[in-house]
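Here is the structure we will look at, set down as structure tokens.
So that you can tell them apart, the chains are marked A, B, C, D, E, F, G and H in the order they are listed, and the count of residues begins at 1 in each.
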Amino acid sequence: MTRQRDGGQAGAAAALDLGYARVDTDRESRQGLPEVVYGPGKTTGQIRGIVTGLLTHNAGPVLVTRLDEETAAAVGGAVPGGRYDAASRLLVWRPAPAGSFRVTVVTAGTADLPVAAEALGVCRAVGLAATAVADVGVAGLDRVLAVRDQLQASDAVIVAAGMEGALASVVGGLVRCPVVAVPVSSGYGAGLEGVTALLAMHASCAAGLTVVNIDSGFAAAMAVHRIAQVAAGRR
Amino acid sequence: MTRQRDGGQAGAAAALDLGYARVDTDRESRQGLPEVVYGPGKTTGQIRGIVTGLLTHNAGPVLVTRLDEETAAAVGGAVPGGRYDAASRLLVWRPAPAGSFRVTVVTAGTADLPVAAEALGVCRAVGLAATAVADVGVAGLDRVLAVRDQLQASDAVIVAAGMEGALASVVGGLVRCPVVAVPVSSGYGAGLEGVTALLAMHASCAAGLTVVNIDSGFAAAMAVHRIAQVAAGRR
Amino acid sequence: MTRQRDGGQAGAAAALDLGYARVDTDRESRQGLPEVVYGPGKTTGQIRGIVTGLLTHNAGPVLVTRLDEETAAAVGGAVPGGRYDAASRLLVWRPAPAGSFRVTVVTAGTADLPVAAEALGVCRAVGLAATAVADVGVAGLDRVLAVRDQLQASDAVIVAAGMEGALASVVGGLVRCPVVAVPVSSGYGAGLEGVTALLAMHASCAAGLTVVNIDSGFAAAMAVHRIAQVAAGRR
Amino acid sequence: MTRQRDGGQAGAAAALDLGYARVDTDRESRQGLPEVVYGPGKTTGQIRGIVTGLLTHNAGPVLVTRLDEETAAAVGGAVPGGRYDAASRLLVWRPAPAGSFRVTVVTAGTADLPVAAEALGVCRAVGLAATAVADVGVAGLDRVLAVRDQLQASDAVIVAAGMEGALASVVGGLVRCPVVAVPVSSGYGAGLEGVTALLAMHASCAAGLTVVNIDSGFAAAMAVHRIAQVAAGRR
Amino acid sequence: MTRQRDGGQAGAAAALDLGYARVDTDRESRQGLPEVVYGPGKTTGQIRGIVTGLLTHNAGPVLVTRLDEETAAAVGGAVPGGRYDAASRLLVWRPAPAGSFRVTVVTAGTADLPVAAEALGVCRAVGLAATAVADVGVAGLDRVLAVRDQLQASDAVIVAAGMEGALASVVGGLVRCPVVAVPVSSGYGAGLEGVTALLAMHASCAAGLTVVNIDSGFAAAMAVHRIAQVAAGRR
Amino acid sequence: MTRQRDGGQAGAAAALDLGYARVDTDRESRQGLPEVVYGPGKTTGQIRGIVTGLLTHNAGPVLVTRLDEETAAAVGGAVPGGRYDAASRLLVWRPAPAGSFRVTVVTAGTADLPVAAEALGVCRAVGLAATAVADVGVAGLDRVLAVRDQLQASDAVIVAAGMEGALASVVGGLVRCPVVAVPVSSGYGAGLEGVTALLAMHASCAAGLTVVNIDSGFAAAMAVHRIAQVAAGRR
Amino acid sequence: MTRQRDGGQAGAAAALDLGYARVDTDRESRQGLPEVVYGPGKTTGQIRGIVTGLLTHNAGPVLVTRLDEETAAAVGGAVPGGRYDAASRLLVWRPAPAGSFRVTVVTAGTADLPVAAEALGVCRAVGLAATAVADVGVAGLDRVLAVRDQLQASDAVIVAAGMEGALASVVGGLVRCPVVAVPVSSGYGAGLEGVTALLAMHASCAAGLTVVNIDSGFAAAMAVHRIAQVAAGRR
Amino acid sequence: MTRQRDGGQAGAAAALDLGYARVDTDRESRQGLPEVVYGPGKTTGQIRGIVTGLLTHNAGPVLVTRLDEETAAAVGGAVPGGRYDAASRLLVWRPAPAGSFRVTVVTAGTADLPVAAEALGVCRAVGLAATAVADVGVAGLDRVLAVRDQLQASDAVIVAAGMEGALASVVGGLVRCPVVAVPVSSGYGAGLEGVTALLAMHASCAAGLTVVNIDSGFAAAMAVHRIAQVAAGRR
């Protein structure tokens, strides 16, 4: 597939206009992955149309995120070949073969598991070798120390933490590799639905920690996907 | 000194009206310590008047907090017997003899030292056996683990932490004793002048952590003073 | 049960890995109480697994907080010996025998009762001698003055107050013992779901007041548990 | 002086256009007091021009608020008959004779005195019988109880309170008359420069308390001026 | 009924302890009106108990606010003599006879009517002569000018305004009497559920405007009740 | 229809008082369009009454916004001649004939379509020649470049964008004509329900961009209606 | 000057790279006005370089905004032909000849004058016929009614208002033409440095009002410039 | 240098206790770079002590950030071999030799240059091949399109943008490699000192964008340093 770079014309050619959506069919050649479909607020028909367009005009994995089971069944029935996972709320066609880039997805507590599931699911769908380490919140520090070796053997770490954004700082201080922190909206009161964790992760003392949007396991996985591509020498 | 409990009359008797201030001279018998004077926004003359009143009507330590050197010199010159410490900005008369209640004041980074100094100074002025442990931020976790034994041997721990509110959670998980967290307004950007640390400490996963106002080493020391009194069986 | 202090190895031994949770079985020896289970966001099966692990590996009280009646019935049916209380939403196994540390839980208004119930329930489950004083909001000051003696005879006071965070300041000025303030999310408008009370309690003029997270009767009780332990000379 | 009510024409007649300001000369007949001049951001020349216009076209007291000493001297030199008070930062011409409406201005702490001074100064300039009660913060409850009788004998109470917004609730519960609360920006950290006190005063449990802008002793005095007029049967 | 002023004893005598509530039976003699019951968060049984206590120990009007029809029917059935009004959500026993103090309740738009209804209902229940003026938002300025005479003939004005907090400033500039502004949580987006209107009303340029909590028609009415009492010479 | 300008009298004449609403019947002559009815919070009967009044006293288009299908059916059944569109939630009588002023309504993503539908619907109802361009978010920049010519041929552009407020800046930099930005409350987490987009649009580097309230396709269309009138020389 | 539209190439040609700045020399042909230079944070040398580039590559007015007198003198000395105005802080070369599009810049109070001065200055520099109306805040409504005819004869109105954002709503309801509101950061306390006015203007009930950034007289003028161009048929 | 992993003992050995600081000398072996010293709030003596410790116990580059010229001269005089750069406020000893990992640091406007300078300086000190692209804000889209090829040839891109957070989204959509966004506190009003840019970058539609703290060019560079290490196969 040849990449077109020349402004206006390429734009005209590379977008599939469905009326309700303008599918960025050029994204796969530009960024190494077809556009990912954000499920909420779209009708079953719209999702089906976009997915069909992506499967037709691109060659790689096609993902729909944050999909409830009912809509997933309706879409999956209409566009064969997709696999739905309720924990991660992901519907995936043509997942990439597993690669060698090792990602560890760490959670502070059980309430962070759904966000971690999305991160894990997207990582695997795009070919990253992702594994999970659950419930190593810093109130029991020995738990995170017990998995220190696994963390240090990773190529990248994703930390999903809600009330205890502290885990991102601790992990960030333990490892050499990139750490992507996902604030989680679990908890109550002063947690301010994830805003406190987001701010705290930014104010962290662990140098070189980066942060993505609240509850976005997807964004964290995509950040790691970018890293894995540059590590693999793809540009 | 007999404690008066009967409402209106006691109140009338127990307050020294200076016009600009109504000194709560009963507080020593009620709470085990004379009223502490908050320095900012008061004139030298006002501070001198209040301190003189407290020294006359009470028997215990008299403290002025957040005092700059110049005002301290002016007040100290007029009311003999006070000792000023520039690091903690405290001016103290009649400090209590050192007791046996062990308090450790922990800081995450060098920028938290002024707040820790106030906490230490107030603790010592009221008779607590306070020591400091500096710069054990969680980005280098081995630092806090290295002082684990000292922390676990404390009767109470005060944690002053700014950009890295995380240290309070970590310490809270390591020790059995009361932990009082002081958010510090150091740092920049997402730290929101200490508000982020304050919220994060409240959202902490370490059970039973309590929090005081931003930068208030004084409030943390007073919280521990209350604990020390109940531990000593005073009521 | 011997307490292990040596970092990594102890951590490996002291955590029970259930996949979805890593139970901190060492916490009882470290902090005097087994880990407490936060109910929301966990499945019945997960709670059952964690509780069973805690009952097996620890000797003290096991608590699940914020549990609705239906889940409580399902969990309680599967793990015998637990007692559920709907007012406090607590499910408790092996409550500690009542001790002598006196805690008074004070509320400003009727809307604060559920939070106070959680504080009371946790206090009692861990062996504190807790009693409640309801509806002494400062708009009718004589009400709190009428219970002044009871407050002053306490070893610690917990103040749960929503729209009227003012009660914490008033109580903080009346007593010598530790006061833990719990902001409550009752009220409307400018109360900002408890955030106003939380901030106001921090800005309070009553020296040595400490604050916990919004609506967390649990956190307040745990803070007092720490105080009671140090008062009892346990470390 | 006849009051004009007929829309456009009256408006054209009743405003004195100085170019940089359009003096509302009709306000005295409409509201019982000439327009009050807010000092900050105006040049000496502008203030002089507006004051001269007000003295010429109106008969009652003319006030400039928040004026520093230097500008006050310059303006006062140019427009004779004014009296400046540094504590309240007010410059006043033709103060009203003292009336019989009793106002008590209460402060929680010494840091609230400047705001109280502005309230007192404006009250007196417009003819209210205002007295001050300083430093009766609720941390020493007996202090406010000691002045209960004076408060209950007032026609209106103004409460200026910063870190301790609680005083407004307590006073609001003690008296029958109108209570106007002024949040003060003193304090630090969680006080959020007066915003916490403002919100807390609104969330107060004392029924019928009203609130004005942060630090605005002027607004509180004007609110009481409106009340005094209706109490005097003026309309 | 004789008013007791002597601290502790009066307090003990003047509060009716129901366990879940401590009814401030002294409030009627202290403030001219029995305690008003805030409905939400209380059970039918609790409301019945408190109302019965108030009817027994006080002589004046008894009100329950923010009550839905179902609970009102249950409470009203158990405690005869009450009258419920669905628009204001008020349940009232023994309303005061209509007095001569004239209150106008003004709304900016139709969405503000429920808040105005509560203000009107409470005003009338406590004996104020209240009338309503609806939908005079400033986008059509002639509407408010058309009722200028009615506003200027009032003893007090309550302005309930949501998206258009501007109306309070406009009315505040038109009348001489006290103006109490109630921010309303109607509207969307930048209205921030009434917080924007609350802040804007405080920042208003109309001198002497006072503000109460968001959506609290009750608080506005109680503020006017205080004013009416002082205007009637009651203290 | 003659426009009346003389203050009070005109106001009295020009408003239709329905009790629950005061219809600004003069608005059509003053601003070129009858008052538009905001549906939420009004009863079917109220909407019917206001619409009937507007149809009777005005000659132009009558619109009700944000109406659900059920209420629309009830109102439409009672007042014949209206047309309801479910996508825009608009109910319209007497739409204006299509004019020549060209408006392009641009959306960043599919989730912004409902807001764009309201903008489109109102534009068309008041006679603007409006067309839509969907899903040209800046993450695939070639999409917006592909429609550059259409944008540059517009008389005004409305940009509805949620998580990606960035589109407003980009469009603002591409065209010469007025650009009205509508922040949309779609998205999650750091989007803060549209507040982030609103603030970002204000901080935009594209000179002369203006912003309306979150989700208000209506406000954007009305802003363009004002522009179209001045462009047509109407005043 | 021919306008280039073809993407990448045009971009390469149309930007003047100075190292520290990339001057958008194409903007004049694209948007009808050369890029405007924002002064703060740039060195004298940088401003001189950018201005020289703009004067050389463009034909229309060149403006630097928010410039203090000292820097203005240094820049003006180096690049002849510019005229500095201290009130508006603008330095202008080659102002456009005065056109016929009438803009009225209205202020609520004297404190809003600096922002109005910037709006006026930019309007005039780009050829709009702008006049000012000062100090017509709504607390004295007759003042704004007195200028109603002037407002209604405008082609566009800019409203600069700080503590009293209300003026924008009132003006928005009086005129048919576009109204651009500029929130001003004057005032104190609840004004939140202009944020309250910004939010209140967005929540305004006056349909079709648009808002620009706090204190940005520049942005308002540019918004009107866009409108004037479309009204003049330029595209 | 052998890396020690065994908890407590390693911690004791790997930290250099200076009293005011506990230098994490193990960090170089753990994370590939000695601890970086944050300048503000430290005395010249403290910085000198920490730097000397790091130079002695580590082998790699030693950096002090955010240092003013005066302190830099004092520290540099005492510890020879350091080089200070005023634009980036960095003082560096033993910079790493230039490597092959290509980083492009992009700014939206001239005001973002100081933050970009810090990012560039840190990148180069740790051996990354960093170059700058200035002033490609999206209001002139052709500017960023003109450097599209350079961006796409990078191994990582850092985007520093203040008022125009939009640039991060645009760049994120153009390139395949990791993009780290730095919100900048330049601008005014609705920019909220960088908070708006921070939130907007998180809400961005460009998948896989990550964000660091406001104004932290340092944090962005360190995030890229982590990525470069994993790309180089170091762990």
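One rule holds for everything that comes next: contacts are C-beta pairs under 8 Å (C-beta built on N, C-alpha and C of every residue); 3 or more make two chains touch, one makes a residue touch a chain.
These numbers come from a predicted model, not from an experiment.
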| item | value |
| --- | --- |
| Number of hops, chain A to chain H, where each hop joins two touching chains | 1 |
| Pair sharing more residue contacts (C-beta pairs) when A-F is set against B-C | B-C |
| Taking each chain's C-alpha mean as its centre, the one farthest from chain D | A |
| Contact-pair overlap exceeding half with A-H, pair selected from D-E, E-F or A-F | D-E |
| Chain D and chain H, separation of their C-alpha mean positions in angstrom | 51 |
| Length of the line joining the C-alpha centres of chain F and chain G, rounded to whole Å | 25 |
| Approximate Å spacing (C-alpha centroids) for the pair chain F, chain H | 45 |
| Residues of chain C engaged with two or more neighbouring chains | 5, 7-8, 109, 139-141, 145, 148, 173-174, 189-192, 198, 202-203, 207, 213-214 |
| Footprint of chain A on chain B - complex, ascending | 108-109, 137-141, 145, 162-166, 169-170, 172-174, 187, 189-192, 196-200, 202-207 |
| Touching residues on chain G, where the partner in the complex is chain F | 5, 7, 30-32, 36, 145, 148-149, 152-153, 155-156, 173-180, 198, 202-203, 207-214, 218-219, 221-227, 229-231, 234-235 |
| Residues of chain B defined as touching chain D within the complex | 7-8, 10-12, 14-15, 19-22, 24, 26-27, 35, 38, 40-42, 46, 183, 185, 194-195, 198, 213-216 |
| Interfacial residue positions of chain B with respect to chain H in the complex | 109-111, 113, 134-136, 139-146, 148, 186, 188-192 |
